[in-house]
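Handing you this structure, nothing more for now.
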Amino acid sequence: MMEDILRKVQEGSISIEEAKNKLASYEDLGFAKVDHHRKKRQGIPEVIYGEGKTVEQIISILEAIKAKENDVLITRISEEKAKQILEVHPEFTFEKLAQILYWKSTKNTNENSDGYIAILCAGTSDLKVAEEAAVTAEVMGCNVRRFYDVGVAGIHRLLDQAKEIQQATVSVVIAGMEGALPSVVGGLVSHPVIAVPTSVGYGANFKGLSALLTMLNSCASGISVVNIDNGFGGAYNAVLIDRLARKG
Amino acid sequence: MMEDILRKVQEGSISIEEAKNKLASYEDLGFAKVDHHRKKRQGIPEVIYGEGKTVEQIISILEAIKAKENDVLITRISEEKAKQILEVHPEFTFEKLAQILYWKSTKNTNENSDGYIAILCAGTSDLKVAEEAAVTAEVMGCNVRRFYDVGVAGIHRLLDQAKEIQQATVSVVIAGMEGALPSVVGGLVSHPVIAVPTSVGYGANFKGLSALLTMLNSCASGISVVNIDNGFGGAYNAVLIDRLARKG
Amino acid sequence: MMEDILRKVQEGSISIEEAKNKLASYEDLGFAKVDHHRKKRQGIPEVIYGEGKTVEQIISILEAIKAKENDVLITRISEEKAKQILEVHPEFTFEKLAQILYWKSTKNTNENSDGYIAILCAGTSDLKVAEEAAVTAEVMGCNVRRFYDVGVAGIHRLLDQAKEIQQATVSVVIAGMEGALPSVVGGLVSHPVIAVPTSVGYGANFKGLSALLTMLNSCASGISVVNIDNGFGGAYNAVLIDRLARKG
Amino acid sequence: MMEDILRKVQEGSISIEEAKNKLASYEDLGFAKVDHHRKKRQGIPEVIYGEGKTVEQIISILEAIKAKENDVLITRISEEKAKQILEVHPEFTFEKLAQILYWKSTKNTNENSDGYIAILCAGTSDLKVAEEAAVTAEVMGCNVRRFYDVGVAGIHRLLDQAKEIQQATVSVVIAGMEGALPSVVGGLVSHPVIAVPTSVGYGANFKGLSALLTMLNSCASGISVVNIDNGFGGAYNAVLIDRLARKG
Amino acid sequence: MMEDILRKVQEGSISIEEAKNKLASYEDLGFAKVDHHRKKRQGIPEVIYGEGKTVEQIISILEAIKAKENDVLITRISEEKAKQILEVHPEFTFEKLAQILYWKSTKNTNENSDGYIAILCAGTSDLKVAEEAAVTAEVMGCNVRRFYDVGVAGIHRLLDQAKEIQQATVSVVIAGMEGALPSVVGGLVSHPVIAVPTSVGYGANFKGLSALLTMLNSCASGISVVNIDNGFGGAYNAVLIDRLARKG
Amino acid sequence: MMEDILRKVQEGSISIEEAKNKLASYEDLGFAKVDHHRKKRQGIPEVIYGEGKTVEQIISILEAIKAKENDVLITRISEEKAKQILEVHPEFTFEKLAQILYWKSTKNTNENSDGYIAILCAGTSDLKVAEEAAVTAEVMGCNVRRFYDVGVAGIHRLLDQAKEIQQATVSVVIAGMEGALPSVVGGLVSHPVIAVPTSVGYGANFKGLSALLTMLNSCASGISVVNIDNGFGGAYNAVLIDRLARKG
Amino acid sequence: MMEDILRKVQEGSISIEEAKNKLASYEDLGFAKVDHHRKKRQGIPEVIYGEGKTVEQIISILEAIKAKENDVLITRISEEKAKQILEVHPEFTFEKLAQILYWKSTKNTNENSDGYIAILCAGTSDLKVAEEAAVTAEVMGCNVRRFYDVGVAGIHRLLDQAKEIQQATVSVVIAGMEGALPSVVGGLVSHPVIAVPTSVGYGANFKGLSALLTMLNSCASGISVVNIDNGFGGAYNAVLIDRLARKG
Amino acid sequence: MMEDILRKVQEGSISIEEAKNKLASYEDLGFAKVDHHRKKRQGIPEVIYGEGKTVEQIISILEAIKAKENDVLITRISEEKAKQILEVHPEFTFEKLAQILYWKSTKNTNENSDGYIAILCAGTSDLKVAEEAAVTAEVMGCNVRRFYDVGVAGIHRLLDQAKEIQQATVSVVIAGMEGALPSVVGGLVSHPVIAVPTSVGYGANFKGLSALLTMLNSCASGISVVNIDNGFGGAYNAVLIDRLARKG
């Protein structure tokens, strides 16, 4: 591409000023373009982290994104804010438990894929994070199967569903308190496991530190970890892997 | 008992001096006696923590204990020190892996008991702590069954032995790294579980902190925790419980 | 049991489909059944952790449990929520200080037992956790004796009651601030001690970390520890031990 | 499969005893088999963590694995131990910097694959961990390209190689000190990034804690993290993903 | 100066009492004077930390300062408090985002200086701290150029402005989450970098600890760090350096 | 004093130069003199922290001190170094367990004082720190009574000696592991208690952190704390208090 | 005393029942009595920690104390609660800044003492803790001199008052943020220094941890530390020392 | 510069291939060149971190640097390694206490500058870090004045030299234990202060954490902090500032 621009300069078909802009934007677009292409081709929407932003800020950002015909995913958004945005943009969808507001320019194109991401969570208190992960993956065009409330203290609940979990492309495993679920899942499956610690618990849980350390120290191979309560991040990693598997 | 002494003073059958001693020693023996009685009756030996003590110190303490015809259990003792002591006291037994040196005045009296303590450990690196627990419980007169290398990353290894574990009186569950084993065991059994975190691991394990937090935050009920690498402490608690079950 | 099923298949007395179900459910019920049996036989109610659940969620869970004629114990429930539930289910009992709401299908059957659990707490600020422990143990059918405000800074308050504490089957010792009480109790008694650190304190207490570390490092043997403020967990362990002693 | 066994029992073609074994082993093999199959099919060798094991222990384990015709990968093994093993098993290969000793039953079968794993490290002090990752991935049959000494303090060193990194299937990014490299890489590529913090540094590095926290808090999406210094774990995750991409 | 006073005593031109006061105040003014002179000469206003002070307290302090004809800078002041003060002192200026209220006795005297301080921040959530820094530096009479939202996950945004940043006298680099920006900037520039970690983030961010450790462990030279969220402190250091460069 | 100097200047009895020196040295000697006087009058020797200093360095410092006829106390000095110094300075005394080497210019002058400092320690492993405290106090001229091995797990050992402890002027209470002893002592006595945590313990002891937090959070009043293993510091505080009591 | 009782039993002048009570109460009163005596003789009031107690609870406790004619000191009590108590007990005095409510049965008896406690604090934000300390010491009958806002960043403010501070019996030094003041004071005075860290600060202050560690690691001798924000505890220690000095 | 290249392409004076190289290298040299220029012009030598590098590695790196006629500074190098290098490169100079080995191509060119950097350290144990700072600054061509052993516990030692410190361009203040020195210095001077915490201390010092937190929380303005024991980093920042002052 750089060569093209240079050739045009040589040929005189573009001015130096134009070339400078293009080369500057080349740099710039060098990364931004990849970004754009990836987003368009793979259906990954632009993501807005809603926490700490005002309704006005969110609306102005989402309108900028929509103008480029990109999908929009807003995470960590309260019901109250979502309602105000929906009044202006009723084309958006709000997932209350997941605290996600999103808009997709096109229909899901992944209907004919067999692969799916398994989203597991240990207890009902982890549901919020699990749904953030599940909805994120769905909005990004992946099939998702939910396996909720399969914590290790009642191991049979997990084992009963082992086969279906094993056949997933990748698992996102969400757990608070002692965070032991990813280790057990990691021993059952042969695909990558993304572990998401949650801040669910009290006392020596230290706001998720306990589950985080557990997951980082897992004796099972094939487990990697994202930040505490980061359901979005867990799903994002899984989506990248799921795409590789489909594209492969 | 105080009444007895006072009555004897009133009757003049003991002098004031004698009464003072008895009352003073009453206080004193109040706890020491219970201690002595408990140890004699239950076969709990006096315990010497070997780390940081010289061979001379250990020998002088163990001889004082033996003089009272009490059993002796020395923990955290290196092979080198043990050998030196065995030269003087060949009647002692040294368990190398457990780093325990002990002497029992009498034969085990628990042969005819059906109950047993289950000692589980997650990996082969936890063996040292597991053996400290197992030998401690055995020297204290309990039956022990070992379930080693049953970590959660290969959950079937544990499940295959679930029945035998379930029939124990109490379990001592030892695990390093992420320390998830007690949670799974706690969900399988209906007896008390004593969890022992080990310092096995590296990096974000922080010398056993990871496993310790995991166990304290377990979502399974019926689990209590002792200090990192404290195999002796785990066993001691189990022995107290096992005795209650037998005596009950 | 597996053998039975297989024999019936061989004999043709059950179909393959039936056998499959039975074997599948065998696995499943393998743990679930034990659970049920244990709960029925021992009078351990199903437990609902109330924090973070809505009144509606709690009611739907408790009705499912009652349908199986199991007892129900709801912990960490605010007075406000409890009142709303009591309007629908006036057969429940609410213990305000303990923040426990419960229902028992049958009368206590432990009246004729002599054994009791000693619940000790260091200061009046630990009362909430202590009552959570005490009510839990009582609802689970154990005798409880309370020894409150016996902190180590006024050691005679504890020593005055040493005899009655020593005669318990097991002690649950609750303390905040420096958390030294379990060490002293552990030196006085010959039964197991379950230590419960509380978050009571300020500054370098770090929300209970100080008391937690103290208890894990206790120089007295026979002490095991549960999570900070986990009065329920402390009692649950004690109940399991108390049953062993009674059943023994 | 269970149905097959049951049918054979019904038909009388296998005895109940045989069926019991098969069903028992079914359970057991349920996980072990998958494991075996995966390992055979994918060329993932059995892995032995060498640290803390004696030469004798390692030899007896590796011979058991070789007997099953599985490949063998031994990590964290010192040169001294490796030399002793090589005397007995000269068919093994030792990678000194990576501290890996391995044996492969067959030639690499991935020669005709275009995909590769990018292994990046920030500084020369991270080389040991980087090589553990690189050799692990290679022994597991993946193509690897190394991008070493591309730390963020000289960002052009990284940017110069951006294109080749972007075309990898997955990146393993290794960094100590402040651990900022994965964030920058995460912003440059559209494939998954596995971040490996190292304990390289001093002072407020706290043995890798600094880099670990940095990576968990990355503002770039598509990054997941493994334990400090866990080059093997980073590579293992990458291999699983790379296989998905190839198989897809 | 001491000599002057002593000479006057010798000459009898001042009384001993006067000399005592002067010498006492000499000590006192020894530091206070420097302080005063520095403030007057350099235009550094007296600074009031607004948090935790009442409107009344702030007003009485600022009036004392104004009485000495010193400039006044009040940091960490809420809009509500600022409004109340502005009613009494409408000559003050309030910067809402920076939460700064200030008054300058004279016009900016730095218009004819070419040098400027570069204030960079990684994300929009760091704006509050960045503005505290920027406004502080401006009120203290320095030129400021803002480079906002140039976080490392989109490295081209930073590189596009590298030249302008490189030409600054000193950079104040503000970042939350993983806090990697100062390392990258430190590698691009040859002037001092003051790094300001912010508490922006969640989970394993631990209220800014993550960014703080990152910055302290930076592999780039020429970076020093101030307290979490301390935009004022970052700017203050930069102002001192900028003055040296101008004065030099 | 300043007035004196000024008056002499006025009178011309000293030159300005002399006055300048005196006033300058006044400041300087202001603290240094007090220091000297205090040390001489109270028999507090100059203290050298031996750790990390060479034999040569220590000898040159101690000779400088001796030249001023001050007593010398060297703490944290190994037996090996002490022996080398004793060859040159045989007038010194070495206390092996306390790791203290000292020299006193005069005989103890505190023989006729009734008051004494109580030095308590919890276990035999705390002896080293306890002796550092005891010898420090003795060398500084105080009477000391030792109460060793009186840990709270055997509370009667402490209570038996309560009276003698209560009659001390001040207590220095040394404990490792859970560090509970100061709380119990604090409840028994009405004089100040200086608590010294030791690093004795393992696992969740975290090198004395556990005992340190315990002591800082003590529910007993009248307890203050010094650094981990700082037997010298504990004694130094006690000596200051003991002197006040004697001098009072 | 025990001998007296026994003699009376021997003489028959008291019954066994009476003797039992006396001996029992001896134990009990052994500590309680000392307590009472100390409080009466020294004018130390009984102390109620107000935080977390209801107005009703506080009133019932204070009335029990007053019934014994003991003084009452209530700390950490809000203005709102204090007002409600003052309606019932107008004889009490409320110190708003110190958050202390107290009642003294008698006039201060320490008017004719020359000694005083120096209370220093570093900044105006530490005033609350400083006043808790100052009022506590005054209510307990000591003379107090306040040295406020003498933080080390303006060292002359402290040095100007050095002489008056040096002449105190004991200093209570209160500081937040970096907590450096006690080290400087410890180098200036020859009496004991009680250091009180406060939670004043932000960011890497970690709620007082910074100041706490500073004080524990002070390079000055003669400093001991109490819990974060524990102004009461700092004063209590100082009062015990001041009494010793006066009584001595 | 980009414009130049483009113009030459337009003019045909360079080929497209040449332009591509130049533009590519532009990026690359963009940063590398600045680096080179800065180093040459300012006399900043290339720096090699010696720890963990072999003698062979160091020699090959230093020869590469010398080949470019750049100065060489090797930090954290043991005497043993230094001696081996000196045998090959006798033109180097080794500073033993600072653990620095260096070579300068030219004589110091800063002789005629009046400005100097003040290097202060609190105690003799901090000397190693202080010398690393001092020698670093000197090798980089700055004047240095050393103010050693001026810790805050003897504040007059510092105050006596206040004037000379105040006249420096910038101060590097090194302190371990409680790390209070920078706060006091920060209050005395009006130039920037670079604070370097050291790991000197024990117990609650936690390997320098205590001093680090102290410095980050300093109540004095104008202080910024580098990593624990990072004498080199402290000096490097000071050198950048000192150059600005000289160049200004």
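Note that the chains are named A, B, C, D, E, F, G and H in the order they appear, and that numbering of residues resets to 1 at the start of each chain.
To be clear about the criterion, a contact is a pair of C-beta atoms (placed from the backbone, for glycine too) under 8 Å apart; a residue touches a chain by one contact, two chains touch by 3 or more.
Computed from a prediction, not measured in an experiment: that's the story for all the values here.
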Mutual neighbours - chains that touch chain E and chain F alike: G, H
Chain pair equivalent in interface to E-F, over half of contacts matched, among A-H, A-E or G-H: A-H
Between chain A and chain D, centroid-to-centroid distance (C-alpha), Å: 24
Length of the line joining the C-alpha centres of chain C and chain G, rounded to whole Å: 40
Centre-to-centre distance between chain F and chain A (centres being mean Cα positions), rounded to whole Å: 61
Gap in Å, rounded to a whole number, between the CA centres of chain D and chain C: 43
Of all residues in chain F, the ones touching two or more other chains: 27, 30-31, 154-155, 159, 187-188, 203-205, 209, 212, 216-217, 221, 227-228
Pairwise chain contacts under the document criterion: A-B, A-C, A-D, A-E, A-H, B-C, B-D, B-F, B-G, C-D, C-F, C-G, D-E, D-H, E-F, E-G, E-H, F-G, F-H, G-H
Contacting residues of chain F [partner chain B, same complex]: 124-125, 154-156, 159-160, 202-205
Chain D contact footprint on chain E (complex, rising order): 122-123, 151-155, 159, 177-180, 183-184, 186-188, 201, 203-206, 209-211, 213-220
Chain H residues within the chain E interface of the complex: 30-31, 34-35, 38, 42, 47, 166, 169-170, 187-188, 190-192, 194, 212, 216-217, 221-228, 232-234, 236-237, 240-241, 244-248
Residues of chain B defined as touching chain F within the complex: 27-28, 30-32, 52-53, 197, 199, 207-209, 212, 227-230
List of chain A residues in touch with chain H within their complex: 2-3, 6-7, 9-10, 12, 16, 19-20, 23
